[in-house]
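This is the structure, below, for whatever I ask next.
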Amino acid sequence: MTNTLTGTHPLSGQEVLIDQLRECGRLFHSRGWSVGTSSNYSVVLSNDPVELAVTASGKDKGRLEQTDFVHIGADGSPIETNQPKSSAETMLHVVLAEQPEVGCILHTHSVWGTLLSDHFFEQGGFDIEGFEMLKGLEGIKTHEHSHWIPVFENTQDIPMLADKVRERLDDPMEPMTHGFLIRKHGLYTWGKDVFSARRHIEIYEFLFECVARKIGMPGI
Amino acid sequence: MTNTLTGTHPLSGQEVLIDQLRECGRLFHSRGWSVGTSSNYSVVLSNDPVELAVTASGKDKGRLEQTDFVHIGADGSPIETNQPKSSAETMLHVVLAEQPEVGCILHTHSVWGTLLSDHFFEQGGFDIEGFEMLKGLEGIKTHEHSHWIPVFENTQDIPMLADKVRERLDDPMEPMTHGFLIRKHGLYTWGKDVFSARRHIEIYEFLFECVARKIGMPGI
Amino acid sequence: MTNTLTGTHPLSGQEVLIDQLRECGRLFHSRGWSVGTSSNYSVVLSNDPVELAVTASGKDKGRLEQTDFVHIGADGSPIETNQPKSSAETMLHVVLAEQPEVGCILHTHSVWGTLLSDHFFEQGGFDIEGFEMLKGLEGIKTHEHSHWIPVFENTQDIPMLADKVRERLDDPMEPMTHGFLIRKHGLYTWGKDVFSARRHIEIYEFLFECVARKIGMPGI
Amino acid sequence: MTNTLTGTHPLSGQEVLIDQLRECGRLFHSRGWSVGTSSNYSVVLSNDPVELAVTASGKDKGRLEQTDFVHIGADGSPIETNQPKSSAETMLHVVLAEQPEVGCILHTHSVWGTLLSDHFFEQGGFDIEGFEMLKGLEGIKTHEHSHWIPVFENTQDIPMLADKVRERLDDPMEPMTHGFLIRKHGLYTWGKDVFSARRHIEIYEFLFECVARKIGMPGI
């Protein structure tokens, strides 16, 4: 059906979701969290079997187009032909999309996250506690909470890293929630929808800046 | 009456005020003071008995709509039916709105405010003095002034915190003026109208950055 | 003459200059150099006798209107009736406008300038040297240059401060050029036109950040 | 051919490239990397013999017009008559454009780059290693890489500096790739097209901030 006023077709459900990711890209690029074509974003079209639309490789995140996304299946391969190459980190998105109730996965690269991921690498992660802003992470109801951010070693072997991430997500003792860092690389977080995952990015970046400034400016 | 050019109705007085808060939200979100759906804002429709329009819970402050505000009475409950849930901190707005001549209350979360609120918590607050920018706080006529910012302990028991705030506002010896911080949480400030309260936010954030950098960068 | 397409009148020469100041305001507010209604700007309509258009007191610099400027004469008083109150610092603009070839005066308040003005107050100012960006100050042709920024004590007695500034401008041994700081207050700079004065603001702010970070982060 | 809808001519190939540089200018000015009319940008129209369009001297990089570019030949002189004066650093662009496959050269001035260029001047440059973001530099496939940024002494003798740069580009043992700094001055980088060179600017600025904060905030 064509919109008779503008001559354009109405957006499909998938196009609406991709538009939400495009807006994330504009915001995150302007904040300095997705510069230089870094980062990748996806929306989950199905959790079981996994189907998702993920950013194509090498795109400027501040100017994403509808055609800059790839339709991917449970093995990380394109479902449709004639698509652009998907991000090298697609399998991390797939593993996160296997979790029920995950609707969107966002991966960004910030200066504060990069510095913290290196600082805390040896101890495997770090706790963030006592901040009101922790309540912005889904399900956390009070600032009297301690949230652990795991840090994984960086690697170009994404399938191996994806396996490690799956293991931590499924850890029966202490399942990983909300997000993780990769050393000198960046942040992964997720949520039930784009709105929720985007909120997690903003919350994590705020908390990372608080934690990093407190470490780096000893007086304060 | 319908605007014949645009087909829209002119804004009511309350809608104009809410539009001013929406613009605050866009500004504060872009500055990083209201990210991740944090913060809440209100305009006072009546001081006695208190009636105010306050942001609904969980909204993105960079994209507030007219429908993202709740009409609240003197006990912090909605006056109208079928409204969205108001912010959890509504009673703090009510207590501040009880003060005569308060027309707008703004609550934000910045990195510098968060760090200072923790740094100075043990001593109950801190003085800001000697800055020309202090003159941006209503009624202060000279930089030769010392302004005390109280810091309250953070809590999820908002009615209890509201009582403490009311007590400090009514303190016959040293009534609290202009604003206060909550530990590792954020800033409350107010003014006779949105313009004035918004100016206070900008002034406090400027001063917080000056004070925090001076503490955290000892050489300077 | 009315613009037949838009129904508006073309801008007068003075209105064009004021529009250039309004654009400065939007830029400087977004950079954090003119927040909370701080700062004031003027264009010089005549150097001898002095006539200038200066920002009215208490306006949001990010949203200046044509009507937010006051027409002022050589004694700092309004030339026309029914004008808004001019900035309290108008006499500083008048003294600077007495200099031949000064067409625009800009006064801003930044965090780095505020910190440096306090740090270097006791020694009366500080040298900035060796930076390529110094060439952005009118007439400086090489980075092999040392530029002295005087720092004046802050005061609410503007006529007295204006006298001190005039004395330094007329100093036969070492006349003050380009700009000065007022302690814990802000920067004054000027130029032959709005473009030139605005460039000086941007150059000074860049250099202030370089100098202040180098002092405050001893490792770097 | 005139566009019948807008009454404008379609852009020529060169105009399209210049529009891409104008957009770089808006972005870099807003980031604080090209303030105060600093910086200069060029697109290469021919590598052999060199022809390029480079920014005219003294323009505000946030508001570049099509007419703010100069058409230059292999000796750095204007090819056409009646052109504005080209940037004083034009010969550096010419030397870089002599490299085959260089389509765009960007020169910017940031605070972090300025501080690092001074900090590492004595040792002639510095290594950046282990960051995922290094993969944003053309041809680098893994974070397990060490990238050397040379730092040249600043000078107003641009032809002499251009000779030194050519020597380093042609160094048979260790040819200079991607970019270099000039002491207390700024960054030069380049790429096969505007998109690629712009990505390099964003990548370098991100990495400079990481490296400089790590040095300047010893705790982190």
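Order of writing sets the chain letters: A, B, C and D. Residues in each chain are counted from 1.
To be clear about the criterion, contacts are C-beta pairs under 8 Å (C-beta built on N, C-alpha and C of every residue); 3 or more make two chains touch, one makes a residue touch a chain.
No experiment lies behind these values; they were computed from the predicted model shown.
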Remotest chain, chain D as reference, centres from CA atoms: B
Centre-to-centre distance between chain D and chain C (centres being mean Cα positions), rounded to whole Å: 31
Geometric centre distance via CA averages, chain C-chain A, whole Å: 44
Chain A: positions in contact with at least two other chains: 216-218
Graph class of chain-chain contacts, one of line, ring, star, complete, other: ring
Chain B residues within the chain C interface of the complex: 130-133, 136, 141-144, 195, 199-200, 202-203, 205-206, 209-210, 213-214, 216-220
Residue ranges of chain A touching chain D (in the complex, touch as defined): 32, 35-38, 60, 109, 111, 114-116, 119, 154, 156, 182, 184-186, 212, 215-218
